[in-house]
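Across the two complexes that follow, chain A remains constant while its partner is chain B and subsequently chain C.
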Partner chain A sequence: MLHELRRELNHALKEPALRWLVLIAFSLSTIALLIGALTISHQKDMVLRLEAAVTAERLLTIKDKTDPGDIAYNLFHLTFDPPTDLAFMALGQRNERPWLHRLRMLALEGQIHETNDSNPEILILGQLDFTFFLSVLVPLIIISLLFDIEGRERREGRYELICAASPLGSRVFHIRAAVKSLLLTAAIILPFIAAAISNNLTILAFLSVLGLIFFQIVLWVIFCRIVTCIIPEAVTAALSLVTLWLLLTVLTPIIGKTAVENSLPVPNGGTILLTQRETVNAAWDLPKETTMDAFIHIYPEWKAQATINRPFEWKWYYAFQEMGDQAAQPKSWALYQGMTDRHEAMALVALLSPALFIERAMTELAGTDVLQHLRYVRCARAFHADLRHFYYPYLFNEKAMSENDLAQLPEFEPCAI
Partner chain B sequence: MNFRIAYIIARDEWRYWLRSRLSVAALVAASILIVAALISTITQVQTERTTRENFQAEAINTFESQPARHPHRMIHYGHYVFRTPAPLSVIDLGVDAAAGTVMFLEGHRQNSAVFTPNYSSANAGQLAELSPAFAYQVLTPLLLIILGFASISRERESATETLLYSISVAPLELWMGKIIALSGAALMSLLPLSLGLGLAISAGEHAGVAAYMLSGYALYLLTWVFIITAVSSSCQASSTALTLLLAGWIFFCIVISPVASGIASTGGAYEGKVVSDIAVQQALRGSGDGHNEADPAFDQFKMQLLQQYNVESIESLPINIRGMISKNAEEKQTQILNRFSDRRMEAARTQSRIVYWFGLLSPALALKNFSMNVAGTSLSEYQRFQHQAENVRFDFVQRLNNLHAEQLSYSDDINRSKDHQSEQRTRISPVHWKMLQPVAHHEDNEQERVSESLPHFIMLFFWCVFGAIWSVTRATRGAANAA
Partner chain C sequence: MTKSLVTASKLCVERGNRRVLDNISFTINKGDIFALLGGNGAGKSTTLLTFLGFVKPSSGEAIINGIKVEEDIQAARGQIAYLPESANLYAHLSAYENIEYFLSLAQISRSSQEISLSLDDVKLAPKMRIEPLSSYSKGMRQKVAIALAMLRRSPLLLLDEPTSGLDPVAIDEFNTILKALADAGTTIFMVTHDVYGACEIAKRVGLLQQGKMASVFEAVGETKISAEAVHQAFRQSQPS
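And now, the complex of A and B:
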């Protein structure tokens, strides 16, 4: 057995096709990890620079100001979703869905849906991160590596001879496939190990990704073995395998996506925006008591200070901003619920598509899927609420803000996964 | 060259396909996929168009039916523009899924287009897009490979190639026959595309632009026909030809796009809107608050007005100074805002230009860039939408500022917080609210679309010429091998 292994290893190493494929796998794995690492370090760097810029802006904005309404109107705060340690392996939805906002105390529904306006042409081309490499490209490399193992020997007329010469019989080709796959696995995993060490991945994260890599490789090696055993002719086997890849990687997800989206409609963003604007703007024309009564219903503690005597008072202004949010929020939550439902429904599709399964597992581990986006949005909304609750005592007691008061301003803390 | 012989060889090739289960299965599957892609995209585009157009009509309607108000309130009330899909997006959705669909327009600010269709869509991986463009860029080449990988190598394996040459068939005639056969399949596959283009023409697209788009796709498929035949005639074994062709397909159609986008985006040239917004805030500091006529930033402007109208005090101006200041401030602000948004858009275009160069490495990417640009679903068209939205915004805000300056008396304006009568007089009639400009249609910029897609068309042309030359050389040299 050991002898067979050594012989197959020597044999494989001499094969130019295998050398090329292993080299390609190694380079793609490295490039994918590098692109991911560069993207994430760019994002981290951007957060740091923005934090500094926002702090500098804050000092200039609050200079000589004491009116809490005025300060709250002008002061922007940065909220963001910092990339996890594993994000470089699965960039996921980070570019598609905003992970960075500049918020102030105005109605949140008018701000939270703002985007960073990424270049859509770049977005639709996709990204070559490790997840794309593993879920889409690795199967193709495995197919190229394994489709011709028996077929070639048959064409050359050596098939029977090899089977007869080996104590394992025709099972010697399993050994050959295993040896080739192991070499490929090494080429894929080595760059990953280097990246894992330089990024200080936790053992758990490391083993989880390793598990997914093995899962994908073993699965496709099995597919290849089954197909090449059923279809002895190499060309037909190769085409069948590519068709299988197309079916599992492209068609199943598309059909699943179409079905899921049709069965789980979500509210259109346009409705959220229009509702929010109508309620916020209508408040200018409403009797001020109507707004304040609704406000006091939620915040009874400000009942005594809720009478508005002048034509414009900040507390009334911020009260109707929040009332506008209250009106639009159910629609936003329905949208978020719809997105969650769609994500969960796609789990069923992922059972039929290894590529989608890998992508979902990787983005979940890396915290770059839609659920993490929604977690971040909840976090940013909670911060906005903190901000309001911080200012309300100043606004309702009409108390000027001192430097000490401003030092107490809530700071955004990213929520842990 | 005798074309009759070439035609006989082509007919024989077609007959061979019909006898081969694999070829028939591939043909049927590909036809179903292309037709399904076309139908699903048409439905999707139609639904999106109706939804967005309805929202747009609603947005205009609510703006115009607002009650009598102070004009500055209408500036803050704002307006929405919705991005409607171009007629040719039934062929190529392009950036639609990743670009914002609605933009809120208000005074003193430029907002981003929000709610991309991808925002709430179910994530199905990067390759899950079934548009006709995807079917032609990625799937049809695979069909052509399946049909054609063995076209010449098969004759060689079964030793019929030498036989053909011995009965005075020239190598180029054999090659031409195979090219005709494979081009026939490519031409057939273009039928659904022509149908889709016909639909786009009936929806208002120019026939010339549609024909231009069709010729781009035809060039692309022809490139593949040449490449496939070239590889098939350079290989001794069909299996080698298939392996090489599949490797080429993976490289051209699957790998290059994300590599190009990765390289373009890690260049770090494009920072996005949040960074730009902070820079805007810094630049705007000190430019004056248009709500505050006492802001010293407007002292000079006030002096100018007094001189122009030859009066002593702002009270005796024939126009309302508050409206004038608001208008002046908006203009200054907009200049600064545009400076930053232009810079941002230029950075995005730089990013895309990097991707465009990668078209030299892959005909599939060249076609993708060509198709998007000619369809009006590219970054350029998206930026045109952003520009138009900004024009609509600036236009209605300044019209309202004019109304503020001309229709409202200054004394009413400053007393409206204290005096109910004055407040009532500062509300102007809703007849004025019918002022919104529409956003122009995609069909109106066919010249831009054609010129933007032209470099990609040239790239495709070069790919095709390169394929043809390679293919011819291989065919003649391959024949020498066989003999």
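And now, the complex of A and C:
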């Protein structure tokens, strides 16, 4: 057996087409990992830069200021979802939805759902991460590697010669397919091993990704072998395999996603943002008592301090900010619930699409799936609530803030996965 | 006492719902050369493929050295070195690399000296031997395939039009090699369109006509088969 493997390995390595395919696989694997690593390091840099900027700004903002309303209005706080060690392999939602918000104590919904300004740049190249490579491109490479193993020998009149010469008969082609698949696997895995070492991946994460890589390769090798055995003619076999790829990798996820999204409608972020802004804008013209009564309903503890006597008071201003959030919040919860439901429903679709299955497994491992995005949003929301609860006593008691008070400002702590 | 190495017994073969071999029977004795002649599509290659087990007879039997091909294909193939009709060896490999690969496939080891000697036998220019076959002429490639078949040193050589593409001198040389192999005990079953060459070396010549064995000619003693007679039978066997 070893003899057979060694011979077929030598033979395969002399094949120019195979050398090209292995080189392409190796390059794509490397490029995909580099794109992921660059994107993540870019995101980490951005956090550091913004943290520094926010700290610098804060010093300027609070300089000589004591009015809590004024300070709260001007102070920005950085909230973000720090990437996991594995995020570079599956950018997932980090490439689609905001993973960072600079928040103020103003109404939150607008700040959360505003996409253009708080959303760090989304890189087109980020689509080409390792997960995309593995789930979408690897099957195509496997197909081009294996569709013609027997077909070529038949076309060139060697099939019978080979089968007659080898004591294994036509089984020698299984060995050939296995050797080629192993070479491809090595080309895909070597860059990953290097990346895993340089990123200090845990053994568990490493083995999980390795398992997914093997799963995808073995699955498509089996598909290729079955199809080429049923359809001896190489071009027809290749077309059938590409059709299968199209079905499992492109059509099933698209149709599944469309079906899931249609059956589970969610409010969109724009509507939520609008609801909040309209409520806030309308509040300027409402009688102040109306706003304050509604606020007191939620925060009875400030009842005694809720009378507004002057034309503008910060507590009134922040009260209607919060009322704007209250108006929009049911829609936000519906959106988050809907996103969760859709994510769960897509799990069924993933059973029919290996590509989707791998994407979900990878983003889950990497902490870049929808659930992690929602965790981060919850975390940012909790921080905003902390901020409000911190400022309300100063605002309602109209107490000037000392440096000491400001030192007590809540700090955003990223939520662990 | 001569023993028959190859036996076709009432072989019938269907291909694509058509009867391609119709009740064929013949035997080839050990160390004999049997040449199968016939027009295009007569079923010559099919006969060889049946002995290799690639085509299953609908009735009758193909037997090699006592092994019924249908019962143990691998054992039967183990007796055979086969040269296919249009054996394109690997174009990106040299003569040496091709031979090494196919010998290794058959789990046979030959020294590089033996390989060189065999390539000497077929008169392949030494300077070409390390060049890829893509730079060879058709006849040169055929020579490599022949050298490979001989290196197998199998009891039975199945050759499908081995001299197609060879120049007249090379054909003569090839026939001489075959004769020597047969004298040394190798049994040779060849399909050919070269009537004169076949009659020159073969112990027996079979004429296949639309799947039926139309006639068999045999060399008696030192007298060779008459090429004229075979030729005439061939012409008569062709539908006008």
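The criterion applied here is as follows: the second predicted complex is superposed on the first by the 402 of 417 C-alpha atoms of A that agree within 3 Å, B and C clash if a C-alpha of one lies under 4 Å from a C-alpha of the other, contacts with A are read in each partner's own complex, and residues count from 1 in each chain.
Operating definition for what follows: a residue touches a chain if its C-beta (ideal position, glycine included) is under 8 Å from a C-beta of that chain, and two chains touch if they have at least 3 such contacts.
Fair warning: this is a prediction, and the values are worked out from it, not measured in the lab.
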Legend entry - chain A as common anchor, with chain B and chain C clashing or fitting: fit
Inset, instruction - Give me the angle at the C-alpha centre of chain A between the C-alpha centres of chain B and chain C, rounded to the nearest 10 degrees. - result: 90
Legend entry - Partner chain in contact with A:371 - chain B first, chain C second, else both or neither: neither
Legend entry - Touching partner for A:93 - first (chain B), second (chain C), both, neither: first
Legend entry - First (chain B), second (chain C), both or neither touched by A:253: first
Inset, instruction - Considering only the touch criterion stated at the top, classify A:219 as touching first (chain B), second (chain C), both, or neither. - result: neither
Legend entry - First (chain B), second (chain C), both or neither touched by A:352: neither
Legend entry - chain A: partner with more touched residues, chain B or chain C: B
Inset, instruction - Would you check which partner chain A:244 touches, where first means chain B only, second means chain C only, and both and neither mean what they say? - result: neither
Inset, instruction - Figure out whether A:14 sits in contact with chain B (first) or chain C (second), or with both, or with neither. - result: second
Inset, instruction - Applying the touch criterion given at the start, work out whether A:234 contacts chain B, chain C, both or neither, answering first, second, both or neither. - result: first
Inset, instruction - Between chain B and chain C, report the minimum C-alpha distance in the superposition, expressed in whole angstrom. - result: 12
Legend entry - Residues on chain A lying within both footprints (that of chain B and that of chain C): none
Legend entry - chain A-touching residues of chain C, taken from the complex the two chains share: 49, 52, 54, 73-74, 77-78, 80, 82, 84-90, 92-93, 97, 101-102, 104-107, 152
Legend entry - chain A residues within the chain B interface of the complex: 17, 28, 31, 35, 38-39, 42, 46, 49-50, 53-54, 57, 60, 76, 93, 95-97, 100-102, 110, 113-128, 132, 135-137, 140, 144, 148, 151-152, 155, 234-236, 238-239, 242-243, 246, 249-251, 253-254, 256-258, 260-261, 264, 266, 268-270, 273-274, 277-278, 281, 284-285, 310-312, 335, 338-339, 342-343, 345-346, 349, 353, 355-356, 359-360, 369-370
Legend entry - Touch list for chain B against partner chain A, complex: 22, 26, 29, 33, 40, 51-52, 55, 58-59, 62, 67, 69, 73, 76-78, 80, 82, 94-95, 97-102, 104, 111-116, 118-130, 139, 142, 146, 149-150, 237-239, 242-243, 246-247, 250, 254-255, 257-266, 268, 270-275, 277-278, 281-282, 285, 344, 348, 351-352, 355, 372, 378-379, 382, 416-418, 423
Inset, instruction - Would you pull the chain A residues touching chain C in the complex into a rising list? - result: 3, 7, 11, 14-16, 156-158, 160-167, 169, 172
